[in-house]
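Right after this note come the structures.
Two complexes are shown next, each including chain A; its partner changes from chain B in the first to chain C in the second.
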Partner chain A sequence: MPKHDTPLMDELEKGPWPSFVSDLKRQAEKNPECWDILGQMELSYKDKITHWKHGGIVGVFGYGGGIVGRYSDSPDKFPGVAHFHTVRLNQPSSKFYSTEMLRKVCDLWEKHGSGMTNMHGSTGDMVLLGTRTEELEPLFFDLTHELKWDLGGSGSNLRTPSCCLGKARCEWACYDTQAACHTLTMHYQDEIHRPAFPYKFKFKFSGCANDCVASAARSDFAVIGTWRDNIRINQDEVKKYISGELKAGGGIADSFGAFDIKKDVIGHCPTGCMWMEGGDLKIDDAECTRCMHCINVMPRALRPGVDQGATIMMGAKAPILDGAQLATMVIPFVKPTADNDFEDLIEVIEKAWDWWMEFGKNRERIGETMQRVGLPSFLRVMEVEPIPQHVKEPRCNPYVFWEAAEVEGGWDRDIKEFRERHKM
Partner chain B sequence: MALSIEELKAAILEKALNGPKPQLYLKDFYACDPDSKPRVIKKAANEMVTEGKMVFWSSGSTTMYAAKGRAKDEESRGT
Partner chain C sequence: MGYDPENPMKDRITDIGPPHYERFFPQVIKDNYGKWLYHEIVRPGVLKHVSESGAECYTVRVASARLISIEHIREMCDIADKHCDGILRFTTRNNAEFMVDDEAKVQPLLDDLASRGNKFPVGGTGASVSNMVHTQGWVHCHTPATDASGVVKAVMDEIFDYFVEMKLPAKCKMALACCINMCGAVHASDIAILGIHRKPPMVDNEAITGVCEIPLAISACPLGAIKPAKVTLENGDEIKSVKVNAERCMFCGNCYTMCPAMPLADPEGDGCAILVGGKVSASRTGATFSKLVIPFLPNNPPRWPEVVQAVKKILEAWAKNARKYERIGEWAERIGWERFYEKCDIPFSDKSIDDYRLAYDTWRTTTQFKFTSHIK
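Coming up: the complex of A and B.
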């Protein structure tokens, strides 16, 4: 039986799509505090202001992340959500769960919280929505001892790393994203659970440039699979796509009309490095940017090369201080491997962290610090030689600045000798 | 020369107790000992949370540190 009249919320049940309001009403039959979620949201819709108070000192002993405090500003009207803290669980790599574990975590959450979940938060965690302060420690005890499951990151911590399906399901994965994600999650437990940084820091691992976890847009440290050698071409399969025997893009391209390799593949190559010659598809691989478009369209005919690894990009973020920005390519190619516990990644991460912890301002993402000091300075910190791929666009500033080390003799000179040649 | 971990903890607590703001960013404690690396200061501050002398205050996106009793929880804050 509804506890509150919610005509505005009820509107969100109309239409053919799933409704979180219907989900809340169903859960409220089991857990009546969910009526107060609906009641408070109805009031927010009427008042056009949130009635949540966000943040606080709640948490579990020894951890400085994983719990986000949330309270109602109208606890008398909505006692069921007077406390409504959020709990973030560290999802398994690629979000591969067994149904048994999902049932266990749902049972645990109905025991200690509202039963409402968010699958998943934008960082990647499984999010458990709504519990009281006194339930946090018992929940954490059961979670860690019975389910052997841990909290994720929040606040100024390393956030829960996430990865694409990787080699588990995808033939295009150029390195083992799941192994990288799991290894670095275990290696950086202290940074996930205890705040160390000026602001949040996110790792994301994508196996190829399709970037299924959107690491280039959403993470401070994106590791994106790529290859150094040539795209593998099977010319017989190329001909089957051209003849229509094979459906381009797995058939999805049919909705755009008959397949035309010149229009749909060659014409969409961002660097124009492909052409047809005597019935064969040719690629100038030196000009290829490894964008994956041609491979996506003709997966039976084209495959990534065999000399595989990853590109490291840094500094993406959503708009907080300085607008949204995509990641900047920092290191064009590394070979991340479990054979050395991903030490090639760890070395880069720690160099960036040491610098950002010292020079980053409070609430400044590393991408903002990079932007503030400029890419040349950041590359010097990272001990990376600039290459043309670091240049976003040709400079429009006519001044060229040199460091003393870049000039023969530095800034020291014999002024008398100079004036003999350049009279005043 | 950098302070010992116990000297550093004392300096951090002094700042947390007597600073004008009840909640401080980790970076605000760097001035307690310019010779200590940020990671050492983080370690000291986190140990003090475990010892019950300091608490974390988190908005969800950012985390700050406060001397126990100085930070107010959102529950007690008015709207």
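Coming up: the complex of A and C.
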């Protein structure tokens, strides 16, 4: 039986989109604290303001992350949510689950928490939403002993890495994103669970430039699949798209009308490196920047090349505090592989961490540290040779930070000697 | 057996990480890992992937509210047990995906999903609006300037057809973050709803000594608007506190993050900004930030009509006017932002002109512009 009147929340049970309110009510039959979630949320809808207190440091012994403390500011009215801590479970790479495993998580959360979840949190974790402090250790015990599963990250540490589904179900994955994500997650368990960084640090792994996990916008360390040879063309299939036998984008839209290769493919090519010649599609691959558009539109005719690997980009973040940053291209091509346990990635990561942990200020994302010291200095730290690919365009101001060693005779000069030749 | 509170460290297991992903692959995925040749979108919400081996994997994508119960997850498990050999997956945009290895298994799965009311709408593929990435809002967060789940529900109810059909010029990725901390990053979305504050923080002098490191609160402000101050409490005690230069405040809330004695949320002050034109993929054009085109709309629960209508208007203006494959930002760039404002019927104000850092990059420095209705 509902514990509180919730006319405003009830309004959100209507409509064609799945209703979290109906779902909360359903769960409340088993976990009565859900009535208090609804009650407190109703109060927020009435007051137009949150009723959660600021912060609260809770966790499990030995870990500095994985649990986020939360307390109600109206525990008398809503005792079921007086404590309402979040538990982050490190999701398996690319979020495939057996129902057997999911049911075990559900049982665990019915026993130790509210029964509400987020599938998933923005960083990638499975989020269990709402439990009491005294449940945390028993939950962690059951999680690690019975489910053989661990917490994800929170705070100034390596956040739970995430990846696209890659080679599992995508023809465009240019390296094994899931293997990379899982291998590095296991390699850096200490960095995930025990905060030792200036601020958060995120890894994201995308198999191609379509970037389904938004690595270029959301991660400090983005590994994005690419290739450096030629797009594979099947001219017979190209002709099938032109004749209308195959649908553009594999059927991306029902409203696009007739396919026009000149307009829909060649016309959108950012480098103008494609043309038709006697019924064949030609590509000047040396000029291609591997944006994926033509491949997206004609998936049966075009495929990424076979010399595949990844580009490493660094320093993306949301606006807090000095403004948003997209990732900066740092290393144009590596070949991440499970054959060497992704040591090419590990080497880059640790070079960046060693420097950032020494020079990064408190609550400074590495992208901000990069901005503060400048890209030339960062490239020196990373021992990467500067190339034109590192910039969109050369600088337009002349204020170069020359070093003494670069200037003939250095910087040591004698003002007296200067004055003998140049009177004041 | 079980946790022993007397011996919390006994038999402790740590740092074992997540379960290995390969344990959860359907057979067709296991057999064809790395061998996929191409894919098609058979109908909205249904993908067909074909392997070099000739094997096929059909995926049915369904929306979820993201904030879901274990009862709902168990229902998903029932569906996966019945149709998908006990496997399902979730996407980065909070959809769930059910996979089968035979075309004949698709329709029974779709029928089953459709028989369960509004719980599992099928869609979110191709030139559609996919599920909205979003944050916690009033259900769980201490810093929000708006709700998350409720706003998303209201918006998606209204534009539902664009999720279950593929009739847009390109894909449209939408997101909501309930404050500028953006734990669900919305700075590179086609359409983003962002909770914002508009009142400077108050200073709770009675509490500040116990809960704040004063220097951290001061240094939290990116604009130097917070200064140290000596304050006399009602009981006569003189304490070290802070004062806020309200005219300098840009309402980022970073001070509140560092100091719980500086709350700034407010029923009238808080609301939503709308940002548009961002994207993450490098397809055609590189990743771009979303631009703030509507600086403020009020919080009007439970259905946020002003926000819903603003989003719908932008979505439909783009759908009507853009060329095939043009994302919202690409369309706005081609026609010019002055034309974008006209086409979307959005009033322009100085609040959309950047005056924060690197602002000059966005000022117009050419005589090339359009004589839209803005020029009187």
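Quick notes
Throughout what follows, the second predicted complex is superposed on the first by the 393 of 424 C-alpha atoms of A that agree within 3 Å, B and C clash if a C-alpha of one lies under 4 Å from a C-alpha of the other, contacts with A are read in each partner's own complex, and residues count from 1 in each chain.
As a working rule, a contact is a pair of C-beta atoms (placed from the backbone, for glycine too) under 8 Å apart; a residue touches a chain by one contact, two chains touch by 3 or more.
None of the values given here were measured: they were computed from a predicted structure.
By the document's definition of touching, neither partner reaches A:T131: not chain B, not chain C. Legend: residue contacts after superposition of the two complexes on their common chain; A:K53 is shown touching both chain B and chain C. In the superposition on chain A, contact is made by A:G62 with both chain B and chain C. Look at A:Q308: by the touch rule set out above, it reaches neither chain B nor chain C. Taking chain A as the reference, the larger set of touched residues comes from C, when chain B and chain C are compared. Once the two complexes are overlaid on the shared chain, A:P198 sits against chain B while remaining clear of chain C. In the superposed model, A:H83 lies in contact with chain B only, and not with chain C.
When the two complexes are overlaid on their common chain A, residue A:T369 makes contact with neither chain B nor chain C.
When the two structures are aligned on the shared chain, A:T183 is found in touch with neither chain B nor chain C.
In the superposition on chain A, A:T328 makes contact with neither chain B nor chain C. Put simply, chain A uses residues 53-55, 61-62, 70, 86 to touch chain B in one complex and chain C in the other.
Residues 25-28, 38-39, 42, 46, 49-50, 55-63, 66, 71, 73-75, 77, 79 of chain B touch chain A in their complex.
If you check the complex, the residues on chain A that touch chain B are 53-59, 61-62, 64-65, 68-71, 73, 83, 86, 133, 154-157, 194-200, 354, 357-358, 360-363.
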